[in-house]
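Next, two complexes with chain A in common: one pairs it with chain B, the other with chain C.
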Partner chain A sequence: MSKYTIKITLLSDTTFGRGDGVAGLVDQEVEHDRYGFPYLRGRTLKGLLSEECDNLVAVLSDENQRQHWQKISNELFGVPGSTLGTQGKIHLGDACLPSDLRTEIAAQIDSEEKKKQNDKKYKPKLTSTDILESLTTIRRQTAIDTETGISADHSLRSARVILRELIFESNILFETELDENSDDDQDMLALLTVGTLALRRIGSGRNRGKGHVKCSLYDSAQEITKNMNYIQRFGRNK
Partner chain B sequence: MIENRHNSNRNIIRRIIVRGNLVLDTPTCLGSGDADNLIDLPLLRDTISNHALLTGSSVAGALRNYLREHNKGYQLKDYRHELVTKLFGDLFAYHNEVNITDEKEKIKIKSQDNQSLLIIDDSISNSTIQTELRDSVKIDSVTRTAADKAKYDLELLQAGTEFPLCFELLIEKGSDEPSLLKGLAIALQGLEPVEGLEQGEISLGIKKHRGFGRCHVNEWQVWQFDLTDHQQRLDWLKFEHWHSGLFPDYPTHTSIAKALNVSLGEKDDQREFCKIDATFTLASPLLIRSGQASNDKAPDVVHLKSRRNGELKPVLSGTSLAGVLRHRAEKIVNTLTECKKPLVTKRIIKEIFGFVPDKKYQSEIEDIDQNNEKAKASRLIVHESVIENTTDLVQNRIAIDRFTGGTLHGALFNEQPIFPKKDTHLKLNLELRNPEDYEIGLLLLLLKDLWTGDLPVGGTSSIGRGRLQGKDATITLRIKQEKRKLIIEQSENNQSLIIREDDPESTDNTAEYLQYFLDELNKELKK
Partner chain C sequence: MKAVTFLLHTQQPILATSLQGDPNSDVSHPYIPGSMIRGFLIGRYLQKNRIKVNDDTLDIQQLPNVKRLFFDAKTTRYLNAYPLIDNKRTLPTPRSWYKDKGVTFSEDKEKTIYDFSKIPLEEQKELTNDYEENLSPKLLEENFCLVDEDEVLLYKVKRRINIHNKRDRKRGKGIEGSGAVFSYDAIDAGQTFQGVVLCETEEDQSIIESLLQHKDVWLGGSQSAGYGHAEIQLLNNNHEYYEVESASRERIENQANLTVTLLSDTIIYNECGQIVSNPETLRQILSDALNQELKFQENGIYASSIIVGGFNRKWGLPLPQTPALAAGSVFVFENIDISSDKFHEFLDNAKKIEKQGIGERRVDGFGRVIFNWLNEETEEYKAKLFNPEFQTTQQAQNKEPLKSESSKIAVGIANRIVRKKLDDLIIQQVSKISLTNPEEISNSQLSRLMLVARQVLYEVEFEQTKYENERRSITELVEPINNLLHNLPSNALKQFERSKLTENIKQCLNVEDSWLQNVWRSNPETKHLIADDQPKVIIAGEDKDIDTYITLEYSLRLIIAVVKKIMKEKNND
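And then the complex of A and B:
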């Protein structure tokens, strides 16, 4: 099994949407775990990565090239309609904040909750809401009615955003060990590399400034997204 | 043949990245919408630093609006399949599609929706927030004193604040690239300085119809990536998108149209307006009270000042001038109708200056607005003007006890208005969008009152402050596909006015042309 890490640095405030809101507080809540840590689902991340890869493959001008890279993409991410044969080689974990931070705070919250269970009057010093509020803020926006020039009726929305400059990490596992001498395996890694580089916007409102990110791919030793060999490998003329 | 994993590829064949540095020319309020703050309208701050935040959605809204106005005219709605919609994405609902009841048809229409092809990044100001506080109060037009519970304050970003902007236009296979590029060029051109001025036509933030939020972009940088080309694709993948602002060793352009290689003609511009750019001088001291007292010893009342290039300059604020014009317009219409048509007055004034239904006079509103009118923004744009070459002098005043005839104990106060010098001048810019002929007539009467010093601006007018004196005015009219530029000049006080056409070859009688608008006003009021 080959293991890689994808690092997502938020360059602007970001909403990893959860699809619902909190009545009376926000219309759009971010995905967060029970300790209040926001995260991006691995399933979403895979979708984003595969979309970027497919976008890059689709514009290759040479027909043979495109077929080849489409095949690589299919092998890497799988084809819809799961059978063993069409399954993707890649497994992505949720993109989370650093795990040492999370375990430490989770332990504190757990102990506070225990105290609360033993003593009903005890006020916990740290709750998941505190964590969520320390890592996020709320942003509001309205639309302007073009005819009257005032804010349009029923258009005020509020969305929670994750503070910029936080770094999320997701683990990527390949089902099989990637072979350094196998062309196909190296192509797969090259495609993943360019896909990671192309992934620049994540989450809600990504055409309007939210969710601008910088992604980089690491194996155990070094950053692959800096390795020109992989980047140039993609779509080269054979 | 290998099947595509799915056929929803966007087929983005080109990416165009545009960058520029936005500079604010007047104070700007990019509000956060936060209700629990000491200030009525606090600024939106970046989440992790004390820098101001200009959201991508704000910029997008401003650009979208400008492009639509340019292509179609003011105060119109968006429709499906228009250039604006293609470039900036489909709306949640179009007003002509709201009433469709057939679910199948609704879904069919909705499935054509597209997201925006233009990505606009959030922008964080280059420097920490430098604020300016502006207090305002509504003046009751009848008593000419401050209205009850109508005071508010704004937190404004100082002029000179800079925001790095970044746009990315995606061109999909089969899309109409030339028109998209043209749309982008027109929209961004709204940020470029207008000929002869420092500011662009687009304003940001709130109260932009009162002169706040004017801004401009001086330089653009453009990158074009053809993704079907191996080398250019590599260049895009390696593009250092995480650096904000302009790149130091990359060519810059002053015109976005040239940078994108599109030609823009003036004939596509569908906006109708009447613009008045006038130069005035002060005929008397002027005092617009400012809310913020200075830190060191200061008089009780000081004239309003605002920072320009780091220097405190006395200003005639747009809110102040607009208020004065509104009340005078009301007076003019009332006079011409002999106060017999209060509803006509209300309608005309509201139509020009905008209004908010006032809950205090709910019963009255129900009388007037049979059709339950909603609030409306002003169609008259009044800009803030800097007053050049003035002196500050402090005047001490006392109140007289009416009973004894002596000075009232404890009623000594001092004021610091600005006083005119030899070459004191200020430029007033008014713009009426979608003007009716009679509204232009009303505007001309207002200009006349300002010109002759009959209409004082600012406070303490009853002791003779706040009178202006006109020097020259340029009236630019673009109505009914016709564009005319008229000039009014007065060389000396008490000399007669010279009214002429900007075009020296024109033989039209300019004065008669202006008289036409006044006649239209009289006709409208006699109806």
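And then the complex of A and C:
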């Protein structure tokens, strides 16, 4: 099994939306786990990566070249419909904060909850809300009425944003070991590398200033996105 | 029974789609179906033996093992993987168990469960009509249980509901015809399930064990996108396996009644060849299989039906949807009169049924049946929820020190928590403070004070970005304010003194005996956040206390806030 890691560094505040809000507090809540750690779902990340790869393949000028890389993209991400033949080779996990930190804090919250269970009057020193609030903040915005130039009525909305500079990691697993001598396997890795580099905007409002990120791909030893061989490999003629 | 038992630790949510919910949602079973386990083992077998897609896998000449291992329920059966608690595989909660309406189970307090299959009808009526008991029976919501005499541990599978949306690839957003919002209700990560594969020979056992050696597996839907990852842990299989504690012989011999419990969904045909979920058909099937005419006891049926389906990944198509008797259904039959010479035959038949199951799709774990599972004398059980013993705590005990990145985030979290608490304290403090003679001081003097305080605040914030040994001292930093107060013209000095602002400012700026520390210790929201006798927040071993610079910063913020408040109040007047 081959294992790679995508690291996503937030360069601006970002909302990994989950499609709902919290009544009376925020209109757009970020996806977070039971300990309050925000994360980006693997399904969303796969959609974003495959979209970037498709965009890169689509601009290749040579028809044969394009068809070859489209085939590689289909092998890598799969095509819609679930059959053994069309299944993607990649397995993407959720992009989360570092696991050692999450485990440590989760244990702390669990222990506080346990104390609370044993003694109803006990006030926990740390809760999941503390963690969520310390890693995020709430941004509010209105729409501007184009005629009056002032904020439009009933347009005030609030969204939770994850604070910039945090680094999220997602594991990428291939069920079989990628072969260094196989052209197809190396092409897949090349496509994944350029797709990762091309991914610059994630989450809600990503065309409006939020969600600017820097993505990099690592294998167990080094950063692959710095390896020019993979980048130059993409788009080459077969 | 020979069996291969193994654990599945879910690393990601598992989407084992059942036929529930609306068309835009996928609702998962609360367990990992046997068909899913069979599917991934077939995949591994094909890969291991380099069998191609177009090979005839059912050709016994070429591939003698395939049919026996994967397609013949008489030789191999892949049971559903049910949750594991207390190192034991749970079983579906019997549908004859009722609780009083409004009762919710907890991890610490035991609540009563009534087994109506054991309570005679008259007593059931008494229970419901009795003034004291006044039982209003309701079925249990917890799907799985572990029974130990009259004590029961209940388990409700943790689920994760995610909402996803489909986007049009070209437009980059959902559009009509190519966009939808849908939800996945999946089994949550971090749970353990025990899978069982029943087989007949040691050879089959070892083949299946060899397929389970590779620990990473992906199960169910959306495998490439954050769902389905589980880790396999093979268990020791050198002993006879029973789905319940004891062998069928003991259970049947020791009890007068015959109670049949379904341990998985059961698909049965009636005599016309139609699939039905009818208890009468089940009675006929059991009577034929046991060679003994069975008769339902009055009020002896506690069953419900369900629609079952599935998905064949090879075909890329869903399986036919059929009705089935739901797992946990209980059927109580009248005392059977078996003469001693027939009793052995009856026991053999019962044992065979427990081993082989009944009905269709037995290879996928359907049709598991158990006779006299529970003690017939136990009418009531004391039940509580399983306490997961906080697995994360155990994980953290084997910890290594945090990486520098994680440690930095932990410090950041602690810092933000401290500052949030301090912000709240300031708001409370400002509302409490009121000057005795606010009208005695002019707005221009207040503005002068605010300007200096702001300047100092800016400097204090800047100093905090430096290393501790490079920072300027507190005395140096507060000097501009002290200078202001000492060099005031006589008129301004009188204004400050009459309004008692000087006194308050000096009190505020005393970082040694700080108001902040005192308020922190007395406020109900913060007084529990004390470690080593100091106000402190500890996150993952990284702590953040209130040092003198933070004290000064918040003191300045308080001064500015109070000044603003006075100006606002004066303006309102």
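We adopt the following convention: the second predicted complex is superposed on the first by the 236 of 238 C-alpha atoms of A that agree within 3 Å, B and C clash if a C-alpha of one lies under 4 Å from a C-alpha of the other, contacts with A are read in each partner's own complex, and residues count from 1 in each chain.
Convention: a contact is a pair of C-beta atoms (placed from the backbone, for glycine too) under 8 Å apart; a residue touches a chain by one contact, two chains touch by 3 or more.
None of these values were measured; they are calculated from a predicted model.
Enquirer: When the two structures are overlaid on chain A, which partner does A:173 contact: first (chain B), second (chain C), both, or neither?
Expert: Touch status of A:173: second partner only.
Enquirer: Taking the superposition as given, does A:46 touch the first partner, chain B, the second, chain C, both, or neither?
Expert: second
Enquirer: In the superposed arrangement, does A:205 touch chain B (first), chain C (second), both or neither?
Expert: first
Enquirer: With both complexes overlaid on chain A, does A:100 touch chain B (first), chain C (second), both or neither?
Expert: So A:100 only meets chain C here.
Enquirer: Between chain B (first) and chain C (second), which does A:125 come into contact with in this model arrangement: first, second, both, or neither?
Expert: It touches chain C, and chain B stays clear.
Enquirer: Looking at the overlay, what does A:13 touch: chain B (first), chain C (second), both, or neither?
Expert: A:13: touches chain B, not chain C.
Enquirer: Quick one: classify A:24 as touching chain B (first), chain C (second), both or neither.
Expert: neither
Enquirer: For A:140 in the superposed arrangement: first (chain B), second (chain C), both or neither?
Expert: first
Enquirer: Taking the superposition on A as described, I'd like to know which of chain B and chain C A:81 touches: first, second, both or neither.
Expert: Only chain C; A:81 stays clear of chain B.
Enquirer: Is there a shared patch on chain A that both chain B and chain C touch, and which residues make it up?
Expert: 54, 77-78
Enquirer: Would you tell me which residues of chain A are touching chain B in their complex?
Expert: It is residues 9, 11-13, 50, 54-56, 58-61, 67, 70-71, 73-74, 77-80, 137, 139-144, 146-150, 153, 156, 161, 163-165, 194, 197-198, 200-201, 205-210, 212, 214, 231-232, 235-237 of chain A that touch chain B.
Enquirer: Which residues of chain A touch chain C once you look at their complex with the stated criterion?
Expert: Its residues touching chain C are 1, 18-20, 31, 41-47, 51, 54, 77-78, 81-94, 97-98, 100-101, 103-108, 110-111, 113-114, 117, 123, 125-126, 130-131, 133-135, 166-167, 173, 175.
Enquirer: Which positions of chain B touch chain A when the two form their complex?
Expert: Against chain A, chain B makes touches at 1-6, 9-13, 32-33, 46-48, 55-57, 60-61, 65, 68, 75-78, 89, 115-116, 118-123, 173, 209, 227-228, 230, 233-234, 237-238, 241-242, 354, 374-378.
Enquirer: Could you please specify the touching residues of chain C with respect to chain A in the complex?
Expert: 11-12, 43, 53, 107-108, 162-165, 167, 169, 172, 181, 216, 218, 221-229, 311, 313-316, 390, 392-393, 395-397, 399-400, 402-403, 405-406, 409-410, 412-414, 416-417, 420, 524, 528-529, 537-541
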